[in-house]
Amino acid sequence: MRYNNRGKDQIRPVKFTVGWGEYPAGSVLIETGKTRVLCSATVEERVPPHLVGSPEGWVTAEYAMLPAATQTRGRRDIANLKLAPRSAEIQRLIGRSLRSVTDLRLLCGMTVTVDCDVLQADGGTRTASITGGWLALWLACEKLKKQGVCPANPVREEIAAVSAGIVGGEVLLDLDYSEDSRADADFNMVMTAAGRVIELQGTGEARPFSRDELNELLDLGTKGIAELCAARRRACGGLK
Amino acid sequence: MRYNNRGKDQIRPVKFTVGWGEYPAGSVLIETGKTRVLCSATVEERVPPHLVGSPEGWVTAEYAMLPAATQTRGRRDIANLKLAPRSAEIQRLIGRSLRSVTDLRLLCGMTVTVDCDVLQADGGTRTASITGGWLALWLACEKLKKQGVCPANPVREEIAAVSAGIVGGEVLLDLDYSEDSRADADFNMVMTAAGRVIELQGTGEARPFSRDELNELLDLGTKGIAELCAARRRACGGLK
Amino acid sequence: MRYNNRGKDQIRPVKFTVGWGEYPAGSVLIETGKTRVLCSATVEERVPPHLVGSPEGWVTAEYAMLPAATQTRGRRDIANLKLAPRSAEIQRLIGRSLRSVTDLRLLCGMTVTVDCDVLQADGGTRTASITGGWLALWLACEKLKKQGVCPANPVREEIAAVSAGIVGGEVLLDLDYSEDSRADADFNMVMTAAGRVIELQGTGEARPFSRDELNELLDLGTKGIAELCAARRRACGGLK
Amino acid sequence: MRYNNRGKDQIRPVKFTVGWGEYPAGSVLIETGKTRVLCSATVEERVPPHLVGSPEGWVTAEYAMLPAATQTRGRRDIANLKLAPRSAEIQRLIGRSLRSVTDLRLLCGMTVTVDCDVLQADGGTRTASITGGWLALWLACEKLKKQGVCPANPVREEIAAVSAGIVGGEVLLDLDYSEDSRADADFNMVMTAAGRVIELQGTGEARPFSRDELNELLDLGTKGIAELCAARRRACGGLK
Amino acid sequence: MRYNNRGKDQIRPVKFTVGWGEYPAGSVLIETGKTRVLCSATVEERVPPHLVGSPEGWVTAEYAMLPAATQTRGRRDIANLKLAPRSAEIQRLIGRSLRSVTDLRLLCGMTVTVDCDVLQADGGTRTASITGGWLALWLACEKLKKQGVCPANPVREEIAAVSAGIVGGEVLLDLDYSEDSRADADFNMVMTAAGRVIELQGTGEARPFSRDELNELLDLGTKGIAELCAARRRACGGLK
Amino acid sequence: MRYNNRGKDQIRPVKFTVGWGEYPAGSVLIETGKTRVLCSATVEERVPPHLVGSPEGWVTAEYAMLPAATQTRGRRDIANLKLAPRSAEIQRLIGRSLRSVTDLRLLCGMTVTVDCDVLQADGGTRTASITGGWLALWLACEKLKKQGVCPANPVREEIAAVSAGIVGGEVLLDLDYSEDSRADADFNMVMTAAGRVIELQGTGEARPFSRDELNELLDLGTKGIAELCAARRRACGGLK
């Protein structure tokens, strides 16, 4: 039995607080179950060195977790003098996903940084960061459009992310931490609202899995992502 | 005129959300005006090297600001490979203040870490961290008492902190960011509810100030700290 | 047309030099096309902190590239004072894949480190590291078995890795660097010789891709991995 | 009884060796009791990033202690890969204090760095650094004036610093290390020769202290600072 | 008896593989006995800060050892967050030696970096790096000459390096690791083919040594360096 | 003409202040010409990891330069987050030289750290560090002998160090900075008082040099070292 009698193919309750922070161009607090991620999109007039002089701007992400966000307190990166490799990997995933649906030429000369700070972690923080971060990015770009800086919103397509996994022989959607830590296989999916694939990252941590299982996981993910996109659209009163 | 018609000797509206986070032993979200600091007290069964074998435990603090907490996005410490000196200084102040009212022998073998993470910054983040962090510490210690780990709550006395400053020739209580950035002199005070001094840090950034001005600043601080202590007691239904 | 008239579903010529280095317990130089990775497995009598006192040993990997391995010289990690995030991500993938087919209890008290040093890079260095690193690990474990340290070889199953991608509308197996840099989508697969999935990492860098395309990519990968496993078995005179 | 029969309101013997080093624009070895700090002011034609293009120059300080300066050898910062937080805090204090009496517009385009290197430490190193560093700065600026680079000496006012504390119930001026380590409360004061306040940093480490005690501490500090300014003026043959 | 019946004044078998790597402008794999160093010379159009605007270019070297190159696995520099001091010292020696025979004005605006990566280490890695690195540099410069970038090859003179030492009372040429670790004295020599001295680094690790012993060591080194230069010239078909 | 009419084979005036610092077991301020190095030997009851459980103790050195010690201010190591490679190389030389004449078994369980802090630099700082550091080490060991910790002084032999070089075609002893920066060749020698060799480090920075020139440099060094040893013995009232 899942927590709160959740069905196998059901996502956790999700809530988007738009404008949680006052200063960033786009600010969204996303809560899925007990997981809470503050997503903040900031626009700066600079581009990274490899784009100086190029007609394209940039979208990047940073991901971090407060030390007290987890059941056992974690150490801050600065205390270890290095970014946690897990965080580095996640923020590369977030940035890559968001860039894949952004027309970077419309951001020429600018960088949008999407900070995803996990305030409380109960599994699924990377997928929540993408789902919430997309909205923060969209809001920041909408502001650029309204200010006349961009002729159109550079974000071309809706994407969201969710996990699915095999736990105790069952294929489940949107794992929480207690499920994730017992999973035989774990799959993170980033897709468009229509179910086309942006990123897949799956791992058979405890045992290899079959093509049939893979297809079940993908079906569940497609369903969850469509639901997250719909909830997000409701939360911000429609995207347009 | 101050923002929202605030009087010269008036603190900003203050709100304490007790139990904001689910995992830390003590969790408090303090909001004073637009400043929001998440204070989380975690208990670990270890002591720092200099206390191994000693009859005393330890209380320490960590202070950090989310990059998007301020009007202009800041860089993360890890990107600079060093803790911001300002943060280092502030967390030393918070830790010293909290230790000064804690009976460390009652925490023998344990360390309580009070994480003060600034989610939004509009001036007064270090004083809010002390005021909120004290409550997080007290709650964590109360839990230790209830679990029978400590015979009594090791926190012996209520303290809080506030700033005051000289802005445009006027002595003002509890500066927000726009006031602080124009201040001739700036004073941070940590005191007991009864007005005895724990820490004073004052600086005449733009000009030296006189003993008379110093006394005015101290009077205002004493008043503000008493009010903060009262609000905090109300917020958590009394301290006992 | 692919380099050297390679077919769409053909892997590059692959060569394994077993025992290239004299000191590591397992040493393999893998060459696939122009890509060359030196894989060295070393056994140490220690376990990482989280396994002290546990009945399990550990398998870990480190991945790095010589500065002159690529067409444009790269900077060494130490010059940047941080491990390249890309390398961190890759070595986590290699370690996770190798551990998934290792019986860690047979390595109790020991750590096997598989160093994957890229001497020349022409695409596919992470998959070559897994394919070559698996053999280095197997050889080191075989030595432990012969020395009577392990009752059986702890490596339970053969795995290998390969990439596939969509380039100019075509689905291609085992991308070299010039193909990879033009790919619309890029997929790295780690599977057993029998085609069961260990890890999938796919990204639609330039555009989302469909479930049908995904299936084509997986079919190609399954074929390539079977061929790599067969070539590897021949190279070391059979795995027994 | 204090060391060498010093009175409660007496500063330690102080000695200034002007021109101890040959290369810096201003070089002063200050000795107060056994504490010895080498203060070196160097002028460079550059400003920190936040002042590029501004009409103001900059004054900054660096503070460090030789490993063998204390009774127990300390580790060098570089061995810890971070500046000791205590040093960071102190050098911010020194820099802020010196800037508060400098007309930065007269230093346009230039940075004066005041290095305060503690060669031997017996308490009061931060206050000695300010008292000695002020003279090094003044000397460097005097040289700029003589070279015609500055129309007037940018240092507008004399400042010095001293500590006072409550030790065993007694209020004492200018604590040495053995007193400081037993102090209930410890106060560092930076003032003008006329007793106006630049910086106050006080901490009731062992117990809160009262407004009356605070006033006693301030009175002692005012007296000590006036004496240090007078001694310093004698040492360099008058400031003009 | 030395390994493989080598005579006291005999160097180890040496082999140069020219063009081992495909991308660097000059690439040489040098093997002396079991020691293998991959030397790669890369040309970049930039100069270090101290040469911006100068008529001279730069030659620099980087030296590193793969973790599995030695009998006991070493840690990577990045894991220690610092370049091994021994490596730093060696790469300074290589760079200094190569620069001493290069006409830097012919490299105006360019930097040649010679990467010396030790793939297997059995003593003499620093001297092999210089002997192999010189050829990589010469090849890269020859390419610049052929491209018309340099009017002549900026490398003016042939140099090579070898060690000699006192082991068990005997003076031996070209120590391998087992000899080096038992040596009373150890001498590294960098000379021109004609025996003129570029660098000498000798240390009486176990006991001081006499002027007579020093002369014997220098005679052996002169002989070895002449032989290495001859072998190198044969390996690349003459230096023209 | 050399500064102050010094002869070609003459060392600079040298002065040893024994006991300059109050806390270290051995403290020596050495001044040779304008070069000033504070040498402090501290004894700690610990050994480095590789000697835990061994019958031998350890002698190590740390070398650093104050930022204002040179004509142009240098940056502190901590600002660069790495020990200057030059300093790393020098402190390895100092440590190796001092260990070569110390009976480490008499120091069992202890480490003597010799800090060499350059307060003013006018060439020859590494050789002054060895010459002064030897005395600091000897004094610290003498104290151990007097305390009965060591049955005899573990320092078995007197050593000192000096430089010589070829400047404008002339062979000169003990180069100051202005000579060193124009030298064609530069030689640092560490020898016993009787002229036996501990360390030689010579470099033909501008041109290779001959065996005859090498012999002249060694003769000068032998003379200088004998004079430094004699001066040092006089300064501390004889070594016994």
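Which chain is which? They are A, B, C, D, E and F, in the order written, and residues in each are numbered from 1.
Note that in this section a contact is a pair of C-beta atoms (placed from the backbone, for glycine too) under 8 Å apart; a residue touches a chain by one contact, two chains touch by 3 or more.
Treat the numbers as computed from the prediction; the structure is a model and nothing was measured.
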For chain B and chain E, the contact-path distance works out to 3
Listing by label each chain that touches chain C and chain F gives E
Relative to chain F, the most remote chain by C-alpha centroid is chain A
Between the Cα centroids of chain B and chain D the separation in whole angstrom comes to 28
Averaging C-alpha coordinates per chain, one finds the centres of chain D and chain E separated by a number of Å equal to 50
Cα centre of chain D to Cα centre of chain F, whole Å, reads 33
Chain B touches at least 2 other chains through residues 81-83
Contact graph of the chains (line, ring, star, complete, other): ring
Around the ring, chain A then chain C onward, we get A, C, E, F, D, B
In the complex, the residues of chain F that touch chain D are 21-24, 27, 34, 38, 40, 42, 44, 62, 64, 66-71, 73, 76-78, 81-83, 113, 115, 117, 119-120
Seen from chain E, its contact residues with chain F in the complex are 82-83, 85-86, 88-89, 92, 96, 100, 157, 191-192, 195-211, 214, 218
